[in-house]
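Letters A, B, C and D mark the chains in the order given here, with residues in each chain numbered from 1 onward.
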């Protein structure tokens, strides 16, 4: 069983895709392969059932099966996305995951309670429903949720809810938000918050420089995230960014909202990590021109890496 | 088994609440009572698992159980809301419902494909997934879905998809949209579309005058909708609106977005239709002041009705 | 010169339409007539250049001219809407209006700074730019601005900015927000905030019962607002609502977002308050069917009033 | 006087910043310098008064002055952004600009008419108001306007309005939209549309490969756009992208919505193109940490370019 998330957790928690067969079933063999692929590239942890894991298109049984399968296959810490329109379902999945050895759960605010006071109340209810022993990650992704919140709300929740130990940071623009949160922590009364960054990793070097603890995103070249974070942690800031920049052209291509998931899965398939690139309907599908464009970017990435 | 929806379906299809116990379980006894309540007030049909039925907070099993229970209890035509982030789940629930005797299914576009061409493609996929024999209702509710579409798209879908026989109309403002659709139908090549109106019924008399076929909404005084529609159909247009206006103060109170569901369920409870007014979390909860305010409006409604 | 707005201001501040000729010029004669119409119906004050005054379609010169004309014609307190994408333009118009005798200025948050901390910073900048002697009204209208804020932000701004003396309340649903603000004021350290309600007046009786000080909206029957507020203030709560309810059918018709402005102006024209109902392009235009529908509702309102 | 935009216009139309002094006045000397800077880097044309030109914060007089100044200083074709809440103001500015020698005008749909049929009607009104001889650019920027439209609407407008000769493409994701529009043109009955791409240029190499005619965006290194487009046009596709990729790290930094304008203006100031980097309030302001971060990226860009 993996360790629990803490306020000092750092590194790269890869957002795992959920592989499907062409007919739309969860492809558990590919899920095994994918976990091995992520492990092989040195990730610190794995986050499953996130937005990019198409969790909202999975049945409760399928979610349980994905939790079971991944936790059976890896000793890495596993974070489970449990966002759900119903609080009871959310908590049930969260407890299920924790009982089977998850390291924590992740929740995004829904459009429903979209006002800061309502979001605050919602996260209090989530924390109470899950229990004080379940590490909680706040997913702050306004581009997708439509809900942008102040750093002060994040700080307040982090202080009032001891179990809210981590922020998945993907506000955009969001660099000054990281700085605001870290500046708050200069006050010794303010407990530290672990900050892992999403948004496909698009600003990772800048985010690390501002005090982020790493990445939580699903870029199909996890080694880029792993090595950049490691180099940065080792004080090799320029080298970290030099490496990162080699991947940036394909990273920014993959980071197109919605559509990017199909690109990501195609890369994972071409890299041998999953058998089939299909997303579950309704999801993006690539045409011949899209694939040609993407594979050209893959080849360019390989060339760039050899220039090192 | 009830008849299937057609392009001539008219009357009042009440949007059914889903009753819960205080602890959050589906209260099937109350569901029976609620169906009897709706039948007793003369509705033409019942729509279950809509947004106001909190369908997104129900598990797939619970949705099946609600379908089974309602279809077992009534001979009225039953429309089943099947909106779901996943197309396969949507179609599975739709087929389940139709096999058990539903009259049709209702789908709202999701935020995901929010552009008219994507919505068009989505509804084609939905229609194909459900099959040509499943009557389909397009729920056009931009205030909730964030997706406003042109009358031309509705018309095109209605023509291209023979099974798309009904529009649940709740664009706002939307009166001219009804007229636009009815004007299209002056062309004999354009198949008629049944139009039932939502939005809590707020503009029902005007909607009927513009050619709507009735209401599909969940106002806790279904008799107001039933009698207004019947009087209007009988040519007693002024009497229909006189009656409607007596209910308007509480109807507009109930029509507050999100929050209104708690008001609606409280009225249903006070009228004996359900045992407990609770919504499932996260959902609105009434405080003492809210209840006092609402019950005063209920008493005022009763007084107004006696003045007839 | 009218008195300045204070934290105790109450009554009905009518949101004035801006009359145009058929060719789109500001119709200053009609503006005179409209001011007299409002005065004749007993309003407490007049708010000009609001959203429903189509202020964003007026040039700076036209805004100045409207300010000048209205202030020259009335001794009532006049609030001037000064929302503008540019802070300097906003402040310039605000100071212009105050120098000519306005009672205060009104500002809505823009989509640009749409996060509570940014809105807070924005209103601090607005207050500083206008100066401490300019009474400021916060227009809280999420349906139009896309920006919903917590009661706590309103309270904080009201406390930190002594000149922010009034809230134009039109959050929806918003009844509990009024109660939350009034409950805050039970703390003697919290300065009272004047609360006038918008949203076309749709929930005015309930808002008054929860502690609102009156209305700030543009309903084309201002006497309905005036008499309801007066009766409520005199303790005749049921009579106030009885009266209000007679107007509710046409009030809810007028309250359709965007479109409602054309309805409002048509009523004002039919009542002799303005010469021409045109909105400035791009704005809603009524067709024959829309006018027939509206005038029928006007006749029904008159009949209802005679039944008193 | 520059030539008019046509359906074959191509190259790089730089979106010009509007320089301000520290006190917020338009800095016309810097505007001259900026035009010379853009010319010196080989742009094909200049687009003034766009969103990134902070046009909505300029008074009508200031907009006229900017038009006059730029048209006096350059022989390049100049496109003028004329978006405005009022149609008459929009057309007046458009005609003013054309009379003084502009090459065309650009308009974005407003949130007001946000439904495809309303947008279609709006652009018909715009075209009629401007006149048939004014080349019109449709700015398709949903991230900012909130209005995403189908390729079919763009095509229909382009066919129905002969003067709508250009699309400023910045839907996101939007690559398949370019392909859809170009595929339409395989039909000889469909008139070609010039497509210049915005979004800061983030996907420029891919957009060119799909048939775009160039860029219309404000990246503070215009030579990157100019050289990439020229190399691509010369058939040196890989070299074009190799060059582009050297700029990508700072381009993606500048492309942060809203905030990016402050970064862009700081770069322009550091490159000597304008005297002061200030945006007009309310606008983003950089702190010391933001500047340090940005200047580091500038230095990294210079190093990268020397590696060529």
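To be clear about the criterion, contacts are C-beta pairs under 8 Å (C-beta built on N, C-alpha and C of every residue); 3 or more make two chains touch, one makes a residue touch a chain.
Chain by chain, the UniProt names read as follows: A, B, C, D = 4-hydroxy-tetrahydrodipicolinate synthase.
Since we're looking at a predicted model, the values are computed, not measured.
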| item | value |
| --- | --- |
| Any chain that touches chain D and chain A | B, C |
| Chain B on chain D, rotation in degrees - Cα superposition, rounded to nearest 5 | 180 |
| Inter-centroid spacing, chain C versus chain A (mean Cα positions, whole Å) | 45 |
| Chain centre separation in whole Å, for chain B relative to chain A (CA means) | 37 |
| Two or more partner chains touched - positions in chain B | 258 |
| In the complex with chain B, residue positions of chain A that touch it | 24, 54, 56-60, 85-89, 110, 112-113, 122, 125, 129, 258, 280-282 |
| Touch list for chain B against partner chain C, complex | 172-173, 175-176, 179, 202-203, 206, 209-210, 238, 241, 245, 248-249, 252-253, 256-260, 287, 289-290, 293, 300, 304 |
| Of all residues in chain A, those that touch chain C in their complex | 114-118, 148-153 |
